[in-house]
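Shared chain: chain A. Partners: chain B in the first complex, chain C in the second.
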Partner chain A sequence: MNWKMSRIVRTVTDFLVVPIVIFGIYLILHGHLTPGGGFQGGAVVASATALLIIAYGTLGRHKKDLSTIEAIGLILFISIALLGIGSTMFYNFLAGTGGMFGGTVEGINSGYINTGGTVTLMNLAVGIEVSAALSLILWMMSKETGIMKPEKKTSKTESKEVEN
Partner chain B sequence: MSFDIMLHTPTFILAMPLLFAFLTILVSKFSKKFGEMTFLLGLLLTGFFVFLMSYRIFTDGGWIYTFGAEEVTTRNFFRITFIADGFAALATITIAITAIAAGIYSFGYLEKEMSSDKFYTLFLLTLGGVNGMVLTGDLFNLFVWFEVTSVASCALVAYENYRGRSVEAALKYMVLSTVGGLVVLFSIGLLYGQYGVLNYALLSGSISRTFLDKLALALLLVIFAMKASSVPMHMWAPDAYGEAPGPATPFIAITSLGSLFVLFRLLFGVFGVGIDTAAIGAILVILGVLSMFVGVTMALVQNDLKRLIAYLSVSQMGYMMMAVGVGLATLNTVEYQNFGELAMKGGLFHMINDGVYKALLFLSAVAVIHKTDLRSLNDLGGLAHKMPYTTMFFLVGALSIAGIPPMSGFSSKLLIYQSVYLYNPILAVIALVVSIITFAIMGKVFFNAFLGPDQGLTDGEVSNVMLSGMAILTAVVILFTLFPNLVVSEIVTPAIEALTGGVLP
Partner chain C sequence: MKKAIAILAFLIIFAFLILGAVEMRPFGEPEQEDMDDYFLGDSQPHNQVNNVVTAVLFDYRGLDTLGEATILFSAVVGVLTVLRETQKKGGEDV
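Entry: the complex of A and B
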């Protein structure tokens, strides 16, 4: 018994969610080159969730998955930090090695995405964490404020208030 | 370049609680039992690394840990650094003992809850935040850990959100912490704008008594004194301590103690060179005397068991502020040799003492509340018949907080009386009077709640897990009681040397 918006809104949402998520992923992956990064990109991805909640009134049974994803993102972040422990914690062991994200930078911000070392990976971890966590927060808030409740219940409480 | 695990211990003290906080969420999805095991493993690993770090500090001296550098020994003032010295060892030992005991205790307390993983996560996050706060050597990093601690401990206070009062307490705590965090950020901005550095060691070299320096010092002093629940900024403390879920209560108190550690580090390490130490020391003494006296008089009229201990905790904070304030006021003078150092010894010894016996008092009070569902002293009575072990543990904590001669609280308070008397005799008199009132209060509580005829309020002792949590703390209190000289010479003296010797370069 969930409350939904009209078919038009739902269809437009279906179309809009894809570019919003892609833009969020772009912000996350280019965090070490352009303004943005893990947190900002994650927030953009979470705004897609907000759209879905408003249009459909539900996220299905994905609440448990969200908190799992959130925990995985944070564990990933700390694990990457710990991997540098051979030198010190947070040591950027990938930078300049030529491997994953290990390209050398030439000139002022050449826009070459394959650089940054662990910074890029950490942006990714933060992006996963923030998108899942903000989605979870939006979910809880929408549940508490009654967006997800069926319409009949709200009218009942209103009539009770009038009686009182 | 060889890998030396001992040099990396400060970062593990921080990384272990954070890593296991989120592992606990994941593992708890499969099995509650394994989730608890993960939580316990995280706590024990943290304790193990605290032990390793302290061992290295006490044998070979302190060092600076630079994050993200090629080697641990690299000095780079623009990176985040951690300071591992005697003072950090004292602080982390206090935090770790309390955290392990309260963590084990929480298994028994949360036995009947459907899911307890969120509690464990918040607990470990708070532990990580406090550890970061006392270890960091960078002002902006300090702000980050301050916020982590505030958010995690606010959520911990509001954990039993079906009770309206705990939500109210958490809201009060959160508003004050958030405003406090912003003020800390503002004062960090004042310092950064003038000198362009955030590192403690570099800042302490450049502080030069400008008006903005004084403003930043005043703001930092007020906010960290507020977090340390000093009168007149103590109003959140009784609410937060009183309404936090049982096993978390001593841990909220530990965040206050952690803030006090940070305050001392800032006053001695960062501002110690460039300020009028006599005046700032006198301000600390005044705050301390106020906390002692107002805290204990407020405790006198309380009926709620946990609120009463919370006010006593405010009053105990006063002892530390007064003693260390005397040390700060006499710093770099002849008087420091005469009595200032003794006052510092008393103050810092009282900190580690207080962290342990206050946790013991809180946990045994929570055991009573957990078993009887009663908080008011008017309703309680005759519990010693059915709960002999809890009674014994409470008695040890009560005697210690009142400073009755053989107990550990007495050894640290005696050092404080002796040294403070030479600074100003009135202070010693006030400290003695407060101690006597504390004893009277503890006597009242003990007679009211535990002695007398059995009223059938409880059907027996709390579970063995909860008893073992309290037993750990009791063992530590008795250890401090038996060997106070050893604690002072091995743990407290290196801390004082680290504090007054300036921050490691």
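Entry: the complex of A and C
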């Protein structure tokens, strides 16, 4: 049988997942202003995945999508690092040039979101990669321990039931 | 006998720890201060970042972060390989 928790747990999960994901995205996007960053925010987003797996026992069939997102995050990180290879790898070529990520900060300030140059973009890339990677690890391990039912069997039985 | 050896080992290690704690430098006064001053003073003019920790992670020590991300990626590849679905074409469990 498919693992599923009680209605109370599922309802509370529905309410909690959105704030958890938003908090993770906040940590990722404000990595250059406040404590946190790509790794921590990605772990927070992955904890929302853990909550969904435990409450519902399934997440559909998006395993390959998660793999692709993870690879895209890592490739984005490496390409941003290589873009500054004119001087050195990981050179912050966007800092202070104006525009979207090129704002300038000086001395004591309240913190502006459009500063940081490549640091902000790298936080975003690492956040994408870590959230997808930890979700994938949780997914595979929960499936192996039997919390999640194998996808193929459920789909077959469901289709048979529908046909009958 | 085993207990005596354990107590002896504990006392020796504890003595070394106490020795290290007595000879420790005061908090906030490291032996080499040049690197700290460089990071604290130049992370704003160089990177336009308020958070010095993030500036170190993603700019000054970026290769280390790249290694971390690659380790996570290879960990996921390992998990996917070990826990892959082992089913034959007929759909029966092996």
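Everything below uses one rule, namely that the second predicted complex is superposed on the first by the 146 of 164 C-alpha atoms of A that agree within 3 Å, B and C clash if a C-alpha of one lies under 4 Å from a C-alpha of the other, contacts with A are read in each partner's own complex, and residues count from 1 in each chain.
Criterion: contacts are C-beta pairs under 8 Å (C-beta built on N, C-alpha and C of every residue); 3 or more make two chains touch, one makes a residue touch a chain.
Quantities reported herein were computed from a predicted structural model and do not represent experimental measurements.
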- Query: Between chain B (first) and chain C (second), which, if any, makes contact with A:117: first, second, both or neither?
  - Reply: second
- Query: Is A:35 touching the first partner chain B, the second partner chain C, both, or neither of them?
  - Reply: second
- Could you let me know whether more residues of chain A are touched by chain B or by chain C? C
- Task: Could you say whether A:64 touches chain B, chain C, both of them, or neither, answering first, second, both or neither?
- Result: first
- Message: I'd like to know which partner A:144 touches here: chain B for first, chain C for second, both or neither.
- Response: second
- Query: Is A:78 touching the first partner chain B, the second partner chain C, both, or neither of them?
  - Reply: both
- Query: Touching A:11 in the superposition: chain B (first), chain C (second), both, neither?
  - Reply: neither
- Which of chain B and chain C A:92 touches, first, second, both or neither: both
- Query: Where on chain A do chain B and chain C both make contact?
  - Reply: 67, 70-71, 74, 78, 81, 89-90, 92
- Note on the structure: Counting only contacts in the complex, chain C reaches chain A at residues 44-51, 53-55, 57-59, 62-63, 65-66, 68-70, 72-73, 75-76, 79-80, 83, 85, 87, 91
- chain A contact footprint on chain B (complex, rising order): 3, 8, 11, 15, 18-19, 22-23, 25-26, 29, 65-72
- Note on the structure: Within their complex, chain A touches chain C through residues 31-35, 37, 39, 67, 70-71, 73-74, 77-78, 81, 89-90, 92, 95-96, 102-107, 109, 111, 115-119, 122-123, 126, 129-130, 133, 136-137, 140-141, 143-144, 150, 152, 156
- Query: In the complex formed with chain B, which residues of chain A make contact?
  - Reply: 64, 67-68, 70-72, 74-75, 78-79, 81-82, 84-92
